[in-house]
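Each of the two complexes below includes subunit A, the first together with subunit B, the second together with subunit C.
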Partner chain A sequence: MSEHSTTPGTGPDLTGVENTVGPTSDTVKVEQAAAESERTSHGGGLMSGAFGRNIGLVVALLVICVVGVATAGDRFASVDNLVTILRLASIVGVVSIGMTFVIISGGIDLSVGAIVALASVWASTYATQNMAEDTSWLVMVFVALAVGGACGLVNGVLIAYGNVVPFIMTLAMLASARGLAEIISERRTQIVRVEGFKDFWSADVLGIPLLVVIFALVAVAGWLLLNRTTFGRRTLAVGGNPEAARLAGINVKRHTTLVYVLVGVCCGLAALMYLARTSTGSSTHGTLLELDAIAAVVIGGTLLTGGRGTIVGTVFGVLIFSTLSNVFVLNNQDSSTQAVAKGLIIVVAVLLQQRLARRSVST
Partner chain B sequence: MRGIVKRFPGVLALGGVDLDVRPGEVHCLLGQNGAGKSTLIKVLSASYQPDEGEILWEGEPVALGTPQAAMKLGISTIYQELDLVPGLSVAENIFLGHELSSAGVSQRGRTNREAAALLARLGHSEISPTREVGRLTPAAQQVVSMARALSQNTRLLVLDEPSAVLDQGEVDNLFRVIADLTAEGVAIVYISHRLEEIRQIGDRITVLKDGSTVATGLAVADTPTAELIKLMTGRSIEYVFPPRGDAATTPREPVLEVSGLELPGVFSGVDLTVHAGEIVGLAGLVGAGRSEIIETVYGARRPTAGVVRVNGKELRRGSVTAAVKAGLGLAPEERKSQGLLLDQAIYSNITVSTMGRFARLGFLDRGEERRRSREITESLDVRPAGVDRLVRLLSGGNQQKVVLARWLLRECKVLLLDEPTRGVDVGARAEIYTVVRALADSGVAIVVVSSEVEEVLGLADRVLVVREGRVVHEGPATEIDESRVLDLVMEGSAA
Partner chain C sequence: MRLRTTTSRQKSRRYPGLVVGAVAVLALTACTGSAEDAANDDNDSSSDAAPAAAAGSNDESGDTVTIGFSAPAADHGWMAAITNNVRDLADQYDDLDLQIAEGTNDVNLQISQVETFINDGVDAIVLLPFDGAAMTPVALKAMEAGIPVINVDREFDDPNAARVTVLGDNYGMGVSAGQYVCEQADGNTDAVVAEIAGIDSLPLTQDRSQGFEDALAECGLDVDARQAAEFTVESGEEVASNLLQAEKKIDFLWNHDDDQGVGVLAAIESAGRDEFTMIGGAGSANAMREIQDGSGVLKATVIYPSTQGADGVKLARLLVQQKAMSDLVEVEVPREVQLFAPVVTADNVDQYIDSAFES
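Coming up: the complex of A and B.
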């Protein structure tokens, strides 16, 4: 943002070019034509782009819902159950939004689950909770977000400036963050006793649980960040072609770092949601969360090689998995069967994605 | 090949192409970017299946179902992007896919011996068969590709712009190899944008335009260059360089000043001053350090010594961000891998260096981005029009215009152009030259690096000749001719 803000306006060089090369056309006509083509191309892009790309996901979600209604009837198709599904989706959803940015930027973060555990433990230690009781429960919120952000910063700095491969760096963070969480908590479950925190986080907003509202807000914010801001555009550029992005003047190292900080903060938020849902902080929170998040992002159509991806796709990915496990639970299927189904969905989604990618390259 | 038709979704890439190649001849394939040359050779090598038409091999119709089938017949193709495995040795690459083995155990000794024999036949016995391919120069890698083609008893060799990565000496060597091969009866299909090369080695020419054959079997000797260009373009001009302004005569203030720049093992003691409104050309062989010099000026490499100043202000070493902030712009040598975000829209490729201008509190005004991009693409005549198209779908010349548009929008003070017309067809070249000159006339300081001496001399006001990492000559472009430049760059390096 800051390094590119030079004075806008048409410079002398441009006019020079127009005079020599361009056909000097009637400006009014050009403007009109421009406005027209903008409307058509933009509208067309929305229809064929966002909708067309996600139609497979919509169909998949509908199929799962149909199966749910057929096998569980009213137990599935009820408002209560819908809320249950969304609550289930909310924590992994928040992390997946952050993960979408990391994967679009060409990286991967295996440490999200461990960071969630560490943040949940750190925000619920005796010391933190004592301080929170003396002042405000916001202390816990601050600690969780700061711990998440700090872990992301360590990941980001070592990946971007230390040239450690993201897979290895975040694998190391996965091990050490959860280890640190175990050390701090002495492997005990820490119960949340700050009343203010419990009151706020268990509240409903217009009948909708706060966790679901947070997921919705994070999804909307993520969409805006990716599609409407310089941050999002740079993320796409860095993931699409890091060398070209660097030579175009983007500070690729700084941007990469910021992306990992972003996912770290998302993990801090997810830790708070764990504290709210379970009323405990624990070093076992978020176990295997990284796999769920990566799976949701990937079936949502984000390329693991970076440069392309959507928030809408990720949200669908999260909903597909949480609806699927809801249907399995309602039918008293064990989690093992569920895991097999999950694996199948991932493989099918990736196969479809590759086919689409090949088609777009050959045209 | 008779009446070959190939359709892609929405595009008719080839609409009835005929091509006949005789044993022992060099058949040149000419055409602008997007004329269908690459598609045609992919059909020939069976990477693509034609929708209509037939391929006759020694008079018999053949169906080439897979690339392996084509290879078995004796058709080998060397693509622009070399398809070698960097981690394997030279010999392993040469025999990749048809390894010499007995009972599944590879015969390393025999493989290396035969590879050495093939390399010697190509006049490159200095390349060790056990060397890792990733450590070779692009030119040497190309020799390995040719050796691979020879190792499979090739009867028809297709070369797609083989000279693009080579300097003059290496090109001469390539031509010698081609002459040897044709003497043995191997037919060559040769694709190049360089007409002078075709003059030198071609026997007959087929011209493609918009996916169809416009002329086939023209004898090289009897076809004037002007006629070829006319066939390719419908125009009758070769390179037209725009007239120089008065920049060379009127003294202006220096914009870019480089002194004592050094990158160990690559170049040293480079001094370079570019004034406002001036175009400075860097000539030299591939590998002489030209690209490295401007990449270092741009901050993409960190020098060990030397200072870069823009308008008198010293730049932080090795920082692209600082360089861009100070008003530098670079159109890099490898357009696709270094310059463009291929899977993104034209407009976001153009605004990527000026994003801050279109943002309020980090939020982008995409309507404004499109509007400004459209103004610039229209002034540069980027075809097809429309800024929402993916850059991947544009031809080389139009992709280069998108890179130029990026820096036009930024109104940079110094523009560094590395091989601005590589892979660009004749028509678009002239347009790019005009744009570059117009930019200089508006006060931008420009540095052009090019392997084509003619281009450097025609476009630049002042020429620097680089040899082995040192500037060996500096002077006005009008006071030096092509043969003198070649003298300077070859001197000493031939021994």
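Coming up: the complex of A and C.
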């Protein structure tokens, strides 16, 4: 997968038009101003800049792997351990792919963790499971995806047509979806007892756990969707400059809605993966998942202001986090040190990306 | 149709990444909010140390045992003490190689920690699950891989998923608190009894309240006012303020949890109430200091041992070294150990204060 193809190419300068969909806080304006001034000091091609960003991610992941091998040796560099890392990455990964689209479109979704919780609970209630036992476990799959999609639809419609700022709308969804999950489950953990579901979802495909396969498929599908379809190009356009996108004939409101439905469906899928991995549905599933997903997307080089971002970068971002936490466990580090180190590594990764990007821009 | 954005606009946005990175740092570190508390606990850890058991042949150094330990995030004084006690225990045995995984409230991450232990081929896994049912599949996987799992505090939903289970006694806590109230009421069946519970939907809270109710019924008392808080200082303060407003005269108040009790005591103080006897729960060090001091309303607390994790590790060590609990005749480590929930009052507080946890 090449980074080059994810860049939308050149076009007329439309930066003057205010972004009306994305976050419009003061910080964003300051960032834009800072970015403006930097633009004047550097010429050069965008391609190389974007390429540099991914080089930074590769370097960061390699460094973590080298640390892993150096400190844990074969315990790190084994197939079993690789599978463990990928399994950990898969749930966050699926959500992060969806989140990438939302952020590229200039929005944000803080409600992903809560939607995962709600979908996992809804798909594992007595009623749903009874129906699934009478018919097919696909009922649970349908319920989870439908609940996720419906939450995304509510987010999207209110953001696009109700003009609620994404941050606020999804914050409201975060609170209410988790609250609803608690009401439905009475804050109890619901155990999955549909054998067909458990058998299918815990299976391996050619020795690879199904969860990892799903993550890979979603990543590939996300890459194709972003880089090879009108939907992807529209997402970039809407995030880059919604007004220009509207003038270019894109139905910005409808597109924004669709993007939130997309991330909602990803959350439904992640909920199914939680059901498979834990054999339970719970209102506590996915707690703080939104932060992990946003961090992975941003580390991956997607701009919080929208208009630019890559699926490859997001996948790297997810892998960096899960590999990190694996290396920490292997090295028996306590949680406080880990938290500090994690934060430092985020900053270093971002700085590294910037340096490399700048260097490749100026040469 | 032009669907493209501009070159310059895109490459111009480099700094946001940095800002975001910084925000992410804050966010990530905030996730382990009690890191500081845990560190503080470490500083005065002499009071936290698991009480050294009487030296016996079981404590003599044996084959080195590698134990993986995983527990939820230390976002509560009791939970922080669980992990600290485990660390202190590991320092006491030179044949114990302890691997402690990051404290997390994310079951996905906790599962992966246990998977890492399995890959590593540790000798035993001591697990205090964030959610017992959700950790059952991976615990079963460990047992199938021949690694004994010691389940602490929150039970799996499959008995095959653990070799040993170490539990506190939630129902017993309620019974102990209720019996203490009965004792103090001394036959007065008109006494007004209030209860501030923890998170109401948790089975452990329901067990505690049931035990309390059952014990009170023995002496003809019942709970006149009951509110549920959420194990946090803020929620304790809020719920207690409302309760005190509603009940103008109370004789006994049982608060399930000493962490939220800090807030409850603050509310009592600001309401200027002192006509009743308060009983705490869990057994934090500051609650015990309050009991020792004796001038406030808090006269007793019921212990929910924060040494369960350390007990789990000790049992895991015995299990792997093929020793038994030397005070039992039985030659194997038992299947289940349930800890006692004693009442701490001014009379016996000296006996417990050293093993109490700082909230």
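A few comments on the model shown:
Keep this in mind: the second predicted complex is superposed on the first by the 294 of 363 C-alpha atoms of A that agree within 3 Å, B and C clash if a C-alpha of one lies under 4 Å from a C-alpha of the other, contacts with A are read in each partner's own complex, and residues count from 1 in each chain.
Operating definition for what follows: a residue touches a chain if its C-beta (ideal position, glycine included) is under 8 Å from a C-beta of that chain, and two chains touch if they have at least 3 such contacts.
As the structure is a prediction and not an experimental result, all values here were calculated from the model.
In the superposed model, A:Asn251 lies in contact with subunit B only, and not with subunit C. Of the two partner chains, neither subunit B nor subunit C is touched by A:Ala221.
In the superposed model, A:Phe231 makes contact with subunit B only, not with subunit C.
In the superposition on chain A, contact of A:Arg308 is made with both subunit B and subunit C. Legend: residue contacts after superposition of the two complexes on their common chain; A:Gly240 is shown touching both subunit B and subunit C. Counted by residues of subunit A touched, the larger count belongs to C, out of subunit B and subunit C. Across the superposed pair, subunit B and subunit C both touch subunit A at residues 8, 11-15, 34, 38, 42, 45, 230, 233-234, 236-237, 240-241, 244-245, 248-250, 307-308, 361. Listed in rising order, the residues of subunit B touching subunit A in the complex are 8-11, 242, 298, 300, 320-321, 323-325, 330, 332, 337-344, 348, 352-357, 359, 362-364, 366-367, 370-371, 374-376, 378-381, 386, 388, 392-393, 406, 408-411, 431, 434-435, 437-439, 441-444.
Listed in rising order, the residues of subunit C touching subunit A in the complex are 1-22, 24-29, 31-32, 35-36, 38-39, 73-74, 87, 98-109, 111-113, 115-116, 119-120, 130-137, 157, 199, 201-203. On the side of subunit A, the complex with subunit B involves touching residues 1-6, 8, 11-23, 25, 30, 34, 37-38, 41-42, 45, 224, 228-231, 233-234, 236-237, 240-241, 243-251, 307-308, 359-363.
Here subunit A touches subunit C in the complex through residues 7-15, 27-28, 31-32, 34-36, 38-39, 42, 44-46, 49, 75, 78, 80-81, 84-85, 87-88, 91-92, 182, 186-189, 191, 202, 230, 233-234, 236-237, 239-241, 244-245, 248-250, 274, 277-280, 282, 284-285, 287-289, 291, 294-295, 298-299, 301, 303-305, 307-308, 322, 325-326, 328-330, 332-336, 338-340, 342-344, 346-347, 349-351, 353-354, 357-358, 361, going by the rule given at the top.
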